[in-house]
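In order of appearance the chains are A, B and C, and numbering begins at 1 in each one.
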Amino acid sequence: MNKTSLAESLPPVFQEKSKVEPTKTIIQLDDVNINYGSFTAVKHASMEIYEHKVTAFIGPSGCGKSTVLRSINRMNDLIRGATLDGRVLFNGEDLYAKDVDPVLIRRRIGMVFQKPNPFPKSIYENIAWGARVNGYRGDYDELVETSLRSAALWDEVKDKLKQNALRLSGGQQQRLCIARTIAVQPEVILMDEPASALDPIATSRIEELILELKKDYTIVIVTHNMGQASRVSDYTAFFMVDQNRTGYLQEYEETEQLFLNPIHKKTEEYISGKFG
Amino acid sequence: MQNSVSFGSEENLLSMMERRRKAGVVWQAVFLFSTSLAILFLILLLFSVIDSTFGFAAIRYEKKPSELMVGKSQLSDFSRQELEETAKTHLSSGILRRVEYEKPIADRTDKDLIGILEQYVLQPSVLRTWGLWASLTKQGEINEYLFDQGDAVLTFKSWLTIDFLFADQSANPLYAGIRTAMLGSLWIILITFLFAFPIGVGSAIYLEEYAKPTRLTRLLQLNIFNLSAVPSIIYGLLGLAVFVRAMETFTSGSLFSGVADTTANGRTILSGGLTLGLLVLPIIIINTQEALKAVPDSLRMSSYGIGATKWQTIWGQVLPVSIDRILTGTILALSRALGETAPLVVIGASTFISVDPSGIFSKFTTLPIQIYQWSARPQGAYRNVAGAAIIALLILLMALNSSAIILRDKLSKKKRMEA
Amino acid sequence: MAIDNPHFRKKSRFHEHIIETVMFLFALFSMLITVGIVVILVRESYLFFSDPQVDLIGFLTGKNWQPMIHQFGFLPLLNATFTTSIIAMLLGIPIGLFVAIYLAEYASDRMRGILKPVLEVLAGIPTIVYGYFALTFMTPLLRSLFGQDVVEIYNTASAGLVIGILVLPMIATMAEDAISSVPKELRLAAYALGGTKIETTFKVVIPAALSGLSATFLLALSRAIGETMVVALAAGAGPKLTANPFKAAETITGYIVRISGGDVSYNSVDYNSIFALGLVLSIITFTLNLVSRKISTIFHQEYE
């Protein structure tokens, strides 16, 4: 377990201005480099992600923010030729140590994708699936209900749990995907642009949900939408891309700090919409 | 979390993970095993054919070779004169007359004469054959058999020889050949091509270039897909009723003077070719449609843009670009026809034909039918002959398919050069 | 405003119309084939059933097919057809499906490069060669495994197994298409929930591809039922109603080939009977193909 307190790990400047109540580090990236074959997608990424906070990854396309996100629950393993060096610590344990099974990690670090991707099964089965393969022994009806309630979907679907999930609207599907992730009781939920395929109303519902969920979960969210990052996140990491198309972490701050007083010029330019 | 206990303790999870991982490994092994089985099936299939094509054969001669060749070890050691004399003295009068009728002995080559002497004087017959595998592994059993038979001679035979390719049919498996069958197959394929290619390509052009999405078009398309899944034997029944029976005067050739081989009735090359034409027509249409679909619409637009008519666009732009794919698809369809057996058996392909087909109104046999007939016979040696014929058929198919590939490469190369 | 300029007036392009009409007639020709099949099968079947020796009920329920003594019950033939086809499916479906899963989910590009041509070669080998294989390899194998007196020289098991091998490449190729067209996102979702690869494959991908897979299996069954040369060579001549796959029994297709291959005179009951059986065969395979197409259309709608 990583016992370093937040205060010690933060830069001095940050500590003074910090308005966010500090919590312990749950995920730590330690000089992470990610390669696809001979191409370096991300280099030298080091950061700490804090428990029960929402951390947003922003940056221009191709900056590797999604790649870093996927490295946290080892979804990158599924891409042929992807390799990682450096360390990714989860509660102090190296996720890339030899004897670590990515399958077990993914139950504890869940993921929600850009496009809603419910299974072509019933709403009930969508929720129960992950719990079932992971050997859940409790009451499934109860699990389905709590998960759907947590994802603010219960009232809309409680009468049609046997209905095929593909018949829900896009926003409902995405909340179902969140509920499905919650059902396996993870500690961290990774979200890869979860609202980019949704309309504004559905988007705001997802944002409300994220704020609700951070009481129980740590959330890391990749987003293109600066407004969204500022609305939902406590911390924001700004990624940039160099001339070799390799991404790197430019700046990582408390969200308010990063949006109001960015340290780097690039950050300022990006958040003010000069490029993107 | 309120129900985090429900997933069990860390230990439980780990032991369960172990089980899940094992299940994964076991299933992956199953998949790999099934895949190896598929490869094994192919190997076994080829092995069984090759196994029968080579191997020992126990042969008994009616007249012992040593009686015929006094002082000589082989017939080929005989001088020309000796050969002619032996032929005249030892051949029975009936056979001698037939041989002389076909071609005078004086005009025949040495090799030809040796063949005739072997076949009609020594009169070998196959007692038993062994496959390649048995020939290599069961020497003891083979020797025992020979010992029991006494006067049988053991020779290692390749049933597939040049002579086999060019010989007539024969009642003796040692002299059976596939010339008539191969010629029959080629004739049939020719008719099939001439019949199905224009209609198939025409239909595809209509469906892809002209047809509007009406109910009729959908019906036509659905119909073509359905036809492509009709069992081939049904086409045989269709051919039997239509080409052989109803159109007999046409397909037997009696409509066009009396040249026809009257014994064929309607069971001619023409009927066979047309029947297989119907069979491959849907395949040609579907393949051609695919080829036409692959032509980008921009090409058609630019052609219309310079004032070309529809047909000028199709003939001048669309077809030249897609012709390689069309031909490849057609050749693949023809190779299907080349291997078809059931429809031709149903329309009544003849099984024993020693005369080469002379035209589209001839009786015929084809390579697959020959294989069928030989395989179905109980005598062991015909199995070997059938194996040899299968190799010939497979080589023919391979040649056809590789010609499709070569053609495709050549045409696309030419196109690149022009571009 | 009317166009007065003669250059823009519609020309009557006579030969363009001729060409279009000819192409249309060509396209109609395939319709004619279907009509031809239907008319001929129905007409000859009608002749068959109007023969005094034959009655429809006896045909559908009779347990004997012996034209010599005017017994025309088609159950023995149907039974043999289903025996061989079911045996074929028992072999072809699991192996074909597993090969498809291996190709779609596990195989490296290099393995695919080896396997795809193997399947293509298997699919391109004429059925008569499979018949030969059944006769010279499968039957001796079965006889040495189960005993010479248990397994007859001609038997439906050997024919069925070899038909299974024959439809295997078709099943594998079509099933792979169905599995590959399941969106990648579903697999990612399953992995992200902590599913293993095999759980993802069996509990998400295969169920999602189920309609495509069922369409494949039905088409394969239809192909097996219509398969002729393998049964003609290996299953035996002479209709027999038996549940034992190691005994000889003639299938519908086997019977048609045997009767038409001999010298059968037109308008005899024998001649008409092969058309009646052809009609039965057509109805079975057509139904299977139609259901298969319906299912696969639904499948394609699901992912568009």
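We adopt the following convention: a residue touches a chain if its C-beta (ideal position, glycine included) is under 8 Å from a C-beta of that chain, and two chains touch if they have at least 3 such contacts.
The structure presented is a predicted model; accordingly, all values stated were derived computationally and were not measured.
> When you average C-alpha coordinates per chain, which one falls nearest the overall C-alpha average? Tell me, please.
C
> What pair of chains has the most C-beta pairs in contact?
After counting contacts between each pair of chains, the winner is B-C.
> From the centre of chain C, which other chain's Cα mean sits the farthest off?
Between chain C and the rest, the longest centre separation is with A.
> If you average the Cα atoms of chain A and of chain C to get two centres, how far apart are those centres in Å?
50
> Could you please state the distance in Å, as a whole number, between where the Cα atoms of chain A are centred and where those of chain B are centred?
The separation of the two C-alpha centroids amounts to 61 Å.
> What whole-Å value do you get for the distance between chain B and chain C if each is reduced to the mean of its CA atoms?
Once rounded, the distance between the two centres reads 21 Å.
> Of all the residues in chain B, which ones touch at least 2 other chains?
20-21
> So which stretches of chain C touch two or more other chains?
Each of 196, 199 in chain C touches at least two other chains.
> Mark out which residues of chain A touch at least two other chains, giving numbers and ranges.
Each of 103-104, 107, 133-134, 184 in chain A touches at least two other chains.
> Sort out for me which residues of chain A touch chain B in the complex.
Per the touch definition, chain A meets chain B at residues 101, 103-104, 107, 133-138, 142-143, 146, 184-185, 216.
> Show me the residue ranges of chain C that touch chain B in the complex, using the header's touch definition.
These residues of chain C touch chain B: 13, 15-16, 19-20, 22-24, 26-31, 33-34, 36-37, 40-41, 44, 94-95, 98-99, 101-103, 106-107, 115, 118-119, 121-122, 124-133, 135-137, 165, 168-169, 172, 196-199, 201-202, 219, 222-223, 225-229, 232-233, 253, 256-257, 260-261, 266, 274-275, 278, 281-282, 285-286, 289-290, 293.
> With touch defined as at the start, can you tell me which chain B residues reach chain C in the complex?
The touching residues are 20-21, 23-24, 27-28, 30-35, 37-39, 41-42, 44-45, 48-49, 51-52, 198-200, 202-203, 205-207, 210-211, 219-220, 222-227, 229-234, 236-238, 240-242, 245, 278, 281-282, 285, 309-311, 335, 338-342, 345-348, 351, 368, 371-372, 375-376, 383, 386-387, 390, 393-394, 397, 401.
> Provide the residue numbers of chain B that touch chain A in the complex, in ascending order.
Going through chain B, the ones touching chain A are 1-4, 6-8, 12-13, 16-17, 20-21.
> Quick check on the complex: what are the chain A residues that touch chain C?
Those residues of chain A that touch chain C are 73, 75, 78, 103-104, 106-107, 110-113, 115, 117-121, 129-130, 133-134, 166, 177, 180-181, 184.
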